[in-house]
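Look for chain A in each of the two complexes below; its partner is chain B in the first and chain C in the second.
Right after this comes the complex of A and B.
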């Protein structure tokens, strides 16, 4: 159980970044994610786990990568491959934990005990306190050794959340077992944080083997386009071959179109992962209907427009004219006082100045009515109090900040339906 | 006819809209493609997208459309309002009992954690696997951000965690950017429900409530008048419907009395418009309840003022408490340097300088009341009150009563017995109302006028101000 760092392999993975093959998909999940992963990474991980399962060597490894880069997918494929080996299938015990679900060491321990079917589990209920369970588990794991006990694979999803538990007891104990000559144990962590090692305590970090696998996608745009084409094409076993040929043909032509390529390039520049691509393609494909049964570039353009719209601009579109005037007043306050927080009295003051001097279309509203409009903006979280704690300050004098930018306000004003001209002029004028 | 498009990842079914209720059809047709997009995101026979986020203003039909889709297509769904779920256990209970019956929900332990919920769900769904996609609809989902930090990310990827065909639909007023957790999560599909436009949709929807004994055209013209008053203030469909229903009987009064015909729109407008303006100040602000408003209309006494909720009319303070409150207001909003000038009988030369420092001009009435010590309050009180008052315990106890009534607020620590500091928490309108009740002499009104002048920060009135001050001290 050497704690050597496989520097060569890690460097190879990090620097090569060789992209290849679609490691495809579990049949049960119908949303197919196409993952491009280093084949050597796959082989490396498989080898590691095989050594634990078959030869009884304890290991620990962390798989690190941004959201949507295929960590769970990779692990799923490796585990399936592993379980197809005959020796592994009989012996290996698998424990799957998730940081989102097991938010506490106590819950995590109960889950481990349950999944391993230890003796203190009856049906579904785990008996005993946390200390007793922990002692029991460690006892069970300690008694074994290389030759006579079954290897256990611990998979910890959202590994960084386990590092936030109290004293990191679970991590410490698992990694401790993986370091000593006890039951062969493999600890696999998956996380999206690159700085996960800094979250670990010193004693936990020293027991970790510092073996990390980084999954970075280094797709080029041409490969991205190929993926899009492959995703949109119908498989060869589609029941209506004539329709499927027509469809695939139209998809190929679509991918060569200039505007479509431009849209895909913009999406690619935004983020390379496949989840954002899927939401774009989903919105495009959902516009296909009985009347037009092929994918057209207008669908993709509309889908892109829906995805890239500013949601706050949508919210501003539905505000009443009084609320819009309050937002413009706040914008003026921000410009005059350089982003200092303001309160309702100041906003009301600015609004009154506008009403008295420049406005023809908006008549004077009572202060409580203006206050109700202001509270509506608070509810929509377009305006937020500076200190969100309970304050002994009256509502009118509580300091707030505007959560919109100058550009957003001006753009919303352009799109606002039937905006009175004096309001627009007021917004465009320099200092209120 | 359904088109079954099977792609290597994305499967969609295009459903036909024929069997949706009429209201939903209206909403679907009148709005943009968005609602049809939701229909296409609904995917009963296959795995649909794990989570969907729908946002839009209040009363734009989000819950209604989603629930009517569920009901008309008879899809298995669990509809939960997150405001009701003070703890996440209530959410789990509701979801499990909607999908698997109350027996399944009874298996949840006392304070269920997310882990228990997922485990139980997996158990139940392996016993009764899903033939169709199950939907969990979470209304007012912004409350979920205040529950456990892992609840929102876990629900967004619930399909993956329980390994079952389930989709979570989140409905909210607030945009998605404010929901996203720090380290990221599974991004849902975003849909926006646009607000109603005034001309096409809003008038049409509001006209559906028309009273059977009057023509729809009359009701439409009534709605136009109502929107003319209220549309610039409020666009919430529920509020507008409520106001429309409350005020319609008043609108029809001239018709019933025979004073006007249905085509005399101008006369009807003249009758209803001041009434609507008054409604804006009372019912719209919920200062009076709808029942009181309707009663007031029936009484037909225009001159009676309504008993409003705000403090003005209600609070009856003892005589000296009123003076104490006025003194507190003056102490809060006038800077301490000016006390000598205003309240002493003889103060020496009046210099014609700006008596307000530059920073004080904006700060006095915009930043709120300033704290003042008790001694200053008593000093101003003695100069304001019109008779000789002895500093007895009854005066001081009135100060604590004012604090209890939250008309004054105590600043600083409770156990600072030596020189407590206070702040005035009422507005100028309230003070003016009080001082009108008290038979206040000219002198007090001048003091308040001075305070008003400070409020309006008008420098050119300084000359008249000085004359007012000098007149004051000649009294």
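Right after this comes the complex of A and C.
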């Protein structure tokens, strides 16, 4: 069971001496279950849905796991497996809802009615008011029975958002149907909140069967490395076997490299999920080109650098010297006054102290110019007012806070192009 | 078709068919039933008769007028033929600004009834071109949609082995004929309703109890046995209706639903309320008693409490013959949310369903299984005791037993020996369905996430508070990274780790707009976190 990254090599024309290699990385995540998801979880869910489809037994289950742990993928695999069973294929009706799309019970109800193609739907339009739709759906489900009606699978993505709807009407009704002698239904909720059951009202909670499937990734680093190797390797049915052999060989060697392992370990330490891994590998693989057609450690290093860059680093990189000086002044104020909020006047005084005593290269700017620079920092949200509401105080005296951490400022100074030395020294001085 | 191409004009000859069917001496007219039209060059004659739809020559050769022929007559001389018609219009003849009134896209060949006195109903008979077939249009909007879910191709499979049979019986939906451990409650409600039905009076009853204690099931059982009595003519017939506060979108829909279930009429909430008011006030000696079950009463609460007021007021009318049974979860609902006049109309007939004890739960399961031997004695006891200690909810108990049978079947299929459901299976099921997963989540978290949790606890200890800002925790996090010998993380990575922990609610965070100053609280107790982290 492995997930492969398909690398398509289009049009390698040696004859015309023009080698166009378009490397398209499609991360097809829809293949079978990942190493991290236990087989027994897959079996459990499949068995549950099979019983609903074949025996007409109603059930409800919640799949809980952090973001990127494979909940939707697991469900997709299970549903595909289920639909391959002959008995289930023609019988099961599937309704897919998402808490982010159906933000209200009214919208959700219309969507359910539309997906089930009930009789009050013509084409894509659902007729009737909210009350009528609800009554119609409940009536339809009530008329069914275990042995003769087609079972309905309700998949509710972002289940916790449905619990915020008014009275939790939809959840109550779906779970009530799953516990009554009506049309057999299976209610499958997917969520990332561990405390989702606390969101449910007591009546809804009582009707829920408390079946939970937890998807926690208990991957070790060695297994993670194996997955990386499998992901980067080309599949055996690749059209050019010579190229694929070379590629796979280079990938194996790459994974044994110390620097690469260090980078992968840092990524693994950050988060174990595969989405972040794919972002990293994607950036690395997209650097493969005509001139170098194998993956090298430099690619991964660059990819890691892009991924792990601090979000404010670029912003700081583009500031003017004056603005940078203001930030250093604010940092000094933070250090002196232990993080208390400051105002523009204080920053200006600190800056003036620097100009008078230590600076040689910085021009003596007028106050309005400094104020303008300060306002630019405000716009960039590197500085934020303490109370965001309407303030009756003059602008220079409004209290502010610096949104930068010590390390971020220092790093920005290091990378700043042609930073004057006296500014750097000021930053590193006494309280630096 | 271009206007410049002239059509060959075919000569048409008109002849009356048969003898005149009527005569009007005053107007000097002779009425005929039908007329035949012979067109030059065509062998067959077209016939038009009264009642048929005909095409009449107009300005547009491609779209002749359509009409329904009513009468054909001729004057005294027999030369002038006149037809009395009912006009129909095509969509293209309808003025542009009126086309939207239809509300939908018309069929290209659709015609509409035309009622306008400006147009003469009598036309020259010799402008008739011939007969035309019409068919009623298929209705586009669903007027009489019937609610139904399609049926399966083959019936559902029946249970195969003992465990499957047990599972089918333990499903919450397979409610038995008579509920064990609710005999006393059944008797009380039965007596109440029976006496009201026999006397032909009305009344209210309030039933309360935590979820899963058999309230709705008991009431249904009472009604079922009363209906059986009524069929055997032991008591007068009555009409049973049921509404549920949660199955309505608005409390006022209660009127709509009651009206529909009583008289099959559809109405708006206000109109329905008025109709019901009239119905319950008007004297009608032969009226059947109505038994109304209102489930989840607390959701019918409105500001002015008029829905609840009406529901409890109508039974007090002399001619209403309405018995209202209300169900809710809290015992003191009338005192807490109802105003005085509503609570007093509800009355003092109250019944409280206690949560099940462990003996009762055991009895329930045993009676459900009913000689299907699938469980060991101790296993049943364990489940009953555990659930009774927690909530006394029968649904929970049944679901856990079902899960235990699944586990037993799965492990049995692996070991090739299906036995009874034992203690180990039940304990595994209890573990699954009762446990909180925080500790497992922390153990499976990544290294940085675990370090961040440690940093949070360290910062709480330092501050002596249960809350800290991200900046403070981040400083601790950096220190811990140095201690562990890991590379320090940037602020963005730290925020990402924090957000991941927040999204699964291991931490409670403020909005990320606050950046460095968002406040963090723990959603798990500190001891649990340390326990989970210690175990590695």
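In this text, the second predicted complex is superposed on the first by the 390 of 432 C-alpha atoms of A that agree within 3 Å, B and C clash if a C-alpha of one lies under 4 Å from a C-alpha of the other, contacts with A are read in each partner's own complex, and residues count from 1 in each chain.
We take it that a contact is a pair of C-beta atoms (placed from the backbone, for glycine too) under 8 Å apart; a residue touches a chain by one contact, two chains touch by 3 or more.
Bear in mind the structure is a predicted one, so any value in this text is a computation, not a measurement.
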item: Which superposed partner A:311 touches (first chain B, second chain C, both, neither); value: both
item: Chain B versus chain C as contact partner of A:345, first or second or both or neither; value: first
item: Partner chain(s) touched by A:286 [first = chain B, second = chain C, both, neither]; value: first
item: First (chain B), second (chain C), both or neither touched by A:202; value: second
item: Partner chain(s) touched by A:278 [first = chain B, second = chain C, both, neither]; value: first
item: Which superposed partner A:407 touches (first chain B, second chain C, both, neither); value: second
item: Which superposed partner A:135 touches (first chain B, second chain C, both, neither); value: second
item: Chain B versus chain C as contact partner of A:67, first or second or both or neither; value: both
item: Chain B versus chain C as contact partner of A:392, first or second or both or neither; value: first
item: Footprint overlap on chain A, comparing chain B with chain C; value: 66-67, 192-193, 309, 311-312
item: Chain C - residues contacting chain A, complex; value: 140-142, 145-159, 164, 167-168, 171-175, 210-212, 246-250, 253, 256-257, 296, 299, 329, 393, 395-396, 399-400, 402-403, 406, 410, 432-434, 436-438, 440-441, 443-449, 471, 474, 478, 486-493, 496-497, 500, 503-506, 515-517, 523
item: Touch list for chain B against partner chain A, complex; value: 1, 3, 5-12, 14, 33, 37, 40-41, 46-47, 49-50, 55-57, 60, 113-115, 118-119, 148, 150, 153-154, 160-161, 163, 173-178, 183-187, 189-190, 192, 194-195, 197-198, 231-235, 280-281, 284-285, 287, 310, 365-369, 409, 411, 425, 427
item: Complex contact set, residues of chain A against chain B; value: 28-34, 66-67, 72, 98-104, 107, 111, 124, 160-161, 192-193, 230-235, 238, 275-276, 278-279, 281-283, 285-290, 293, 302, 306-307, 309, 311-312, 314-315, 317-322, 343, 345-346, 349, 362, 365-366, 368-369, 372-373, 379-381, 392-394, 396-397, 417-418
item: Sites on chain A touched by chain C in the complex; value: 43, 47, 54-58, 64, 66-67, 87, 90-91, 93, 105-106, 116, 118-122, 127, 130-131, 134-141, 143-144, 146-152, 167, 169, 172-173, 176, 179-184, 192-195, 202-203, 205-207, 209-212, 214, 216-218, 266, 268-272, 308-312, 339, 384, 401, 403-405, 407-408
